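Okay, got some structures for you below.
One chain, chain A, appears in both complexes that follow, with chain B as partner in the first and chain C in the second.
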Partner chain A sequence: MSMKVGIPRALLYFKYRDMWINFFRKLEIDIVISPQTNREILNNGLKYSIDESCLSSKVFMGHVEYLRDKCDLIFIPRVAKTGKKQELCVKFFGLSDIVNNTFSEVKILDYNHDVDKRQSEMKAYLDLGLKLGKSPMQILKAYTYAFKCKLEKDKKRLDKQNELLLFDDKLKVLIVSHSYNTYDEYIGGPVVNYLKELNVTPIFADIVDKKLANKEANNISEKIYWAYNRELLGGIEVYKDRVDGIILITTFPCGPDSLANEMITKRVKNKPIITIILDEQDGSAGMITRIESFIDILQIRKARKIVK
Partner chain B sequence: MSKQKTACFPQIANYSIPVDMYVKNVLDMKTITCPMTTKKTLELGSKHSPDYVCTPFKYSLGNYIEAIEIGADTLIIPAIGCRLGYYDEVQKTILEDLGYKINMVNLFEHGNNIMGIYKLCKTYNPKLKIKKFIKTLYLVSKTVIYMDIMEDYIRKNIGFEKEDGKMEKIYQLFLQGIKKSTRVKHVKKLYEKYFAMLKEVEIDKPENPIRVGIVGDLYTILEPFGNCNIEKHLAKKGIEINRPMTLTHMFGELQNEKLLLKQSGKYLKYAIGGNATDSVAKAKMMAENNIDGIIHIKAASCTPEITAMSALQNISNDYKVPILYFTFDTETSETGVLTRIEAFHDMLIMKDLKEVR
Partner chain C sequence: MKIIKLLLVNIYGLAGNPAQAVKILLKDIEKTIDNQYKIVNVGTTGSARKLIGTMLNAKVVKNEITAHAIGTLSIVPDARTIIEIGGQDSKIIIIEDGIVTDYAMNTLCAAGTGSFLSSQAKRLELDIEEFSEMACSSDNPTKIAARCTVFAESDLVHKAQIGHKKEDIVAGLCRAVVHNYLNNVGKGKSIKNPVVFQGGVSKNKGVVREFERELNTKVYVDENGHIMGAIGVAILAKQQKDEIDFSFDITDIEFETKGIECDKCANNCEIICVYKDKILVDAWGNKCDRGRAKVK
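Let's turn to the complex of A and B:
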């Protein structure tokens, strides 16, 4: 039985890629991952989404469209709640239903990770493996292997970033944005690349020790219960003293960000902050001008500090 | 002894009456009714809110500011679920930044089960006896149920009144009456009296009137100012309005996710957050009951309802029911809404004629 599973390179992919890819590889399942977002994928996403959805979910729809005729199953897991104060945006609750209602012929492969419904991560992966016709023993092995790979990769990324923070004396800017925006080459990519062009080192708020971030986030907001926003708030608290400025990148109209960014701008003082809202309109001139002037300000501030 | 606190609940239809009852009796606070929502309230709310937050945030923030100006120092919020659950901390921060010293009480701070609610009441009113707590809960839920039954009757018949405004007048009298009640018996008596009066109001209802169902996010369907009085405009056209989603409903069925998913059939596999699962379930149910048209209303950028829309489109196709979608933000003009309703109404009439032929 050679079955091909398609993974859209959007949203949860950027959180779970190491986990998913290794899990499927260990179980010897063929996978195909959609390419980096490009204009065509985005256009298709716009075509198949409700107008008012957020840009990130429109990109996701574009990737699903791309995979539609290239695989047998499309992998769209539902991750709702992973722990106390660790919920996801409601968008993730209904992703598979949106796809199911939009592309009626698409077959969806999913798992449901929702601790409120007694669906722990391990249970969710077990369900997934059984759907693929594997034995519980195989699944458990693959899950532990994938989990280990994920931890290793996370640690590698964290170490690399810490090294940069210690030894790099260029201007440093903290990028605060959901992983699926930062690492998408069409969404957050242009911002990151432009910063590098300006000889600025980008530091990423989502590459952070998870436990520490979860604790530190309370300094900005005690109550916030979105897992990814909590991680970002924690990232700000951990890194803010070691960077020169903060860039908040948001896709329009992100629900959790609308409130979380308000808290950030109100609670984080003494650090220049700029908010960049991205939408589906092309044209990076506005973004470039704003970042350029922001970096100019940071450079002046830094020069003054050295003189003092 | 510390001064008694003055509490305020934002304007959501007439539901501040039962909430006030609750706050007075179990939280031991004075209550104040916030000034009626106006365009000015909206401007005030939007000015201090994040740009693209969902609309109820802006409405309630405006309500709160106006209430603080007339003396409220404690703000009541039922923060639970979706984005609403995080409103309280952000609104508190914004208000404190504006220089107001206020206290925010989240009715569901310790969860939405009975023990959680009791625990919250105990923190604010340590002297509270469990007997009084249960009694008040009973009183409040009964009041809400009576209100909803009457409102449902009014919605279905107000469009066919012979003399305009009679039902509304009777209902207002009922509301004035229950404001002072402290006992279920009293509320029940008033309900029986005024409901009988409502039923006596002469109506001129055809046998098969045009029936339209309304679904959408809870705040926007409940608060007339939030939906540009859409129900009133529909009634004026002589339309029977069906709206199964009420506050009563929120206590009961809305908690039962499994039932809602079953009702949604093939259109939903998982709960999609907020009360959008319910929107889909109820839309499907109404479509099965041969309703003439459905109107879906939501506040701007309401994520769960946007998810629901993809399912609603399929319901519309499968059952051949026209669905009209509305998004309300602070800039929506009533005239625009009216024009779209008129066109929708005309279309329903034409569809009706075609089917008769």
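Let's turn to the complex of A and C:
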């Protein structure tokens, strides 16, 4: 039985890619990952989504559409709650149902990670492996291996970022956005690339020691329970004194961001902050004007500080 | 202290073709300076800054936010807050010790900007000058919801039908613009004195009056408020050390801009190509290297 599992390169992919890819590889499951988002994928996403969805989930639907005829199963896990004050946006509760209702012929492979339902991560992966016809022993091995790979990759990214923070000659800007926006070449990519063009070092709030971030987040808000926004708040607290400015990137109309970002702009003082809201409109003129002028401000501020 | 001297101030209708408008402008400049001055640098700003910058070989191509701040500070050096409301954009720029420390811009919606006022003026069959005068004659502005242009329109029709006076409605619109601005763009910003108001809408006395009432302070409107961006970029160009070769001959050269859809990948980027006498001189708009146009 040679079965092919398709993984949409969107949403949770950017959180769990190291985990997923290594898990499947260890179990010798054939996988196919959709390509980087492009105009065609986005257009298809728009076509198969309801208007009220956020841009990121629309992109996700485009990736599912791409994989429709290229694999036997599409991998769409349900991740709802991963710990105390670690809930995900409701979008992630319902992704597989949404896909199921939109593309009725698509066969979905999933797992359910929800601590409220006593579904820990390990339990979830066990269920997943069993669905693929593997033995518990094999699955456990693959899970441990994947987890180790993920930790290593996370550490590598963190080390690299810490190294960048040491250089003082270039402007540094903290990018605060969900991983699935920041690292999507079509969504956050143009912002990150433009910053590099302006000779600015982007620092990413989501590349951070998770435990530390979770603790530091309380400085901005103790109550916020969305896992990813908590992590970003923590990232701001960890990095804010070592960067020149903060860019909040959000995809319209993201619910959790609309609340969290408002809180950030009110509670994080003494650091220039700009919010970039992305929607499906093409054309980068608006983004470029905003970023360019923002960087101008940071440059003038920095020059003044040196003179003083 | 005036940093620069203005030789020529004029507004040219773009009629959808900024390149053509610039050619007319250059002819006027040539006439104005009449060989008494030499052009050593050029700066461009605004939405067509890149295109015009390419055409004129400009050393400074700067976004309008920075340009506006620099321009304004040259005229009101102690300005702390710049309010700018244009046709579709509105901005707030906060200045401390003569540098921009914070700014905000309207995000996705153009409610409460110049185009909103002009479309409402049209609906009331007023030209925009009458609109400005009429707004100032009202003592009792009508309350109008201006969160959204569409809702504002229906609210306006309703208020007219229940018999509100036209001047009150007009003044109400001005108040709505101010409220909308302060609640959206100005939200969370501390607006400090002196306040400078610019952009096309600053020519509307009704809106100026409402800002002064709402902020309880004097709001400065400079007669050159609409060209602050140009002044700012001129100052930046003046600070440039090396000079450029400039010739008025380009008024005879044909510039053509073409949007070409790249077919190298599924992104189908629109690449803007600028041709000077049929030779490609600059191109931009490609998301990746595959779409990089060859410039000689």
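The rule we apply is simple: the second predicted complex is superposed on the first by the 307 of 308 C-alpha atoms of A that agree within 3 Å, B and C clash if a C-alpha of one lies under 4 Å from a C-alpha of the other, contacts with A are read in each partner's own complex, and residues count from 1 in each chain.
The rule we apply is simple: contacts are C-beta pairs under 8 Å (C-beta built on N, C-alpha and C of every residue); 3 or more make two chains touch, one makes a residue touch a chain.
Computed from a predicted structure; not experimentally measured.
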Three-chain arrangement built on chain A, chain B and chain C clash or fit: fit
Winner by number of chain A residues touched, once chain B and chain C are compared: B
First (chain B), second (chain C), both or neither touched by A:Pro190: second
First (chain B), second (chain C), both or neither touched by A:Arg157: neither
Which superposed partner A:Asn101 touches (first chain B, second chain C, both, neither): first
First, second, both or neither for A:Lys266, with chain B first and chain C second: both
After the two structures are overlaid on chain A, angle v-u-w for chain B, chain A, chain C in degrees (C-alpha centres, nearest 10): 80
Partner chain(s) touched by A:Phe252 [first = chain B, second = chain C, both, neither]: both
Which superposed partner A:Ser221 touches (first chain B, second chain C, both, neither): first
First, second, both or neither for A:Asp296, with chain B first and chain C second: second
Partner chain in contact with A:Lys123 - chain B first, chain C second, else both or neither: neither
Minimum C-alpha spacing, chains overlaid - chain B and chain C, in Å: 5
Contacts on chain A seen with chain B and repeated with chain C across the two complexes: 252, 266
Residue ranges of chain A in contact with chain B within the complex: 50, 52-54, 78, 80, 89-91, 93-94, 96-98, 100-102, 104, 112, 221-226, 252-256, 258-259, 261-263, 266-267
Complex contact set, residues of chain B against chain A: 50-54, 82-83, 85-90, 93-94, 97, 267-274, 276, 300-301, 303-304, 306-311, 313-314, 327
Contact set on chain C toward chain A in their complex: 47, 62-66, 97, 99-103, 105, 107-108, 188, 265-270, 287
In the complex with chain C, residue positions of chain A that touch it: 38-41, 186, 189-190, 252, 265-266, 272, 275, 277, 279, 282, 285, 288-290, 292-293, 296-297, 300-301, 304
